[in-house]
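First comes the structure, then the notes that go with it.
We just call them A, B, C, D, E and F in the order they show up, numbering each chain from 1.
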């Protein structure tokens, strides 16, 4: 009965992509640890780019810098 | 000085229900562990049904299936 | 299908107290939101007193100060 | 490669304040533990005042009480 | 630059299984959202069975009941 | 009344360093948002290097590679 929490920046993740993350994370726990998918939970948190920082800067600021391609 | 984090799907939880969750969780820590309510924190996270998965499917998909009653 | 995470300092919480926290938190979600207990998860994290800070000090330091009774 | 998660009530935190939290938390990990800022993540969660409880009451209720100044 | 947190009961997960969870979760974010693996973090929390509850009971209690096979 | 959660790898963080993290994170919230330090919580989680992954590998594996200096 595992719990997976995926945190990503809120940048247009679609319902289909969310479904793919849920299915994939659940299958991973089944494949690696033999967990029961029926009691495997996946929660996706989408975080505003102002609220996520890397290297001391918000992702909003990083995205604004020329040529930033990092996801 | 405990911390309680309650995560539920965002499906119309009212302010009164949130207040009841906060009061109940705080009282639980007082009753079971003798904690000081003044420094007991409760945080409720409401998660979109697209972003919560069980059994490899989003709750949105599960809700759409005929007769699903699970909360 | 809610998730409750209870974080407390690691100070001798017994298995019976943990069971009471699990039962009480689950019942709270049933009573307030009508959730299904079968898919309600409770996770208790016990945190070393060196690793928990309040008011800018570790709980270890706070406990060492004369007369501190705060839980 | 540390991870810092800051949770505050959603009460008008500005982009500049968020940037200051990100920069300050990153620098703290550099100064105290010699961590590499390039792989230090900071995530800020803003929580509705209805969803945050202290002393058994929501922050919304606490704020409504005369003279409450607590942040 | 996503963050994945996997929480499972502490029941003999091996270093190889942990490595497989890390590799699989990272690849999932690459495949579904095109994220950069170099800045994808995975954190696995192993939780004592006394500290994890389902259906109002600790996993320790559930495991002790005859015939329980649920993982 | 903010909450700060700092997650680092378990690699010999001393009680003094933990105290410095607690004091620094608390002061940051006071300085940037005017929060009350008395109700500011800091929780430090130390994560085994087998349980933390970056770039699809555990930190244990990364540390074992010649010349890795990354913290």
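The criterion applied here is as follows: contacts are C-beta pairs under 8 Å (C-beta built on N, C-alpha and C of every residue); 3 or more make two chains touch, one makes a residue touch a chain.
All of these numbers come straight from a predicted model, not from anything done at the bench.
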item: Path length in steps (a step moves to a chain that is touched) from subunit C to subunit D; value: 2
item: Touching subunit E and also subunit F, the following chains; value: C, D
item: Chain whose mean Cα position lies farthest from subunit A; value: C
item: Size of the rotation, in steps of 5 degrees, that lays the CA trace of subunit A over subunit D; value: 120
item: Centroid spacing, where centroids are CA-atom means, of subunit B and subunit F in whole angstrom; value: 27
item: Centre-to-centre distance between subunit D and subunit B (centres being mean Cα positions), rounded to whole Å; value: 21
item: Between subunit A and subunit E, centroid-to-centroid distance (C-alpha), Å; value: 15
item: Per-residue overlap in subunit B, given as positions that touch at least 2 other chains; value: 1, 3, 7, 21, 25, 39, 41, 43, 52, 54
item: Those chain pairs that satisfy the touch definition; value: A-B, A-C, A-D, A-E, B-C, B-D, B-F, C-E, C-F, D-E, D-F, E-F
item: For the subunit A and subunit C complex, residues of the former touching the latter; value: 1, 3, 39, 41, 43
item: Touching residues on subunit E, where the partner in the complex is subunit C; value: 7, 47, 50-58, 60-61
item: For the subunit E and subunit F complex, residues of the former touching the latter; value: 15, 18-19, 21-23, 25-27, 37-46
item: Subunit E residues touching subunit A - in the complex, by the definition given at the top; value: 1-9, 13, 17, 20-21, 24-25, 28-29, 31-36, 39, 52, 54, 59, 70-71
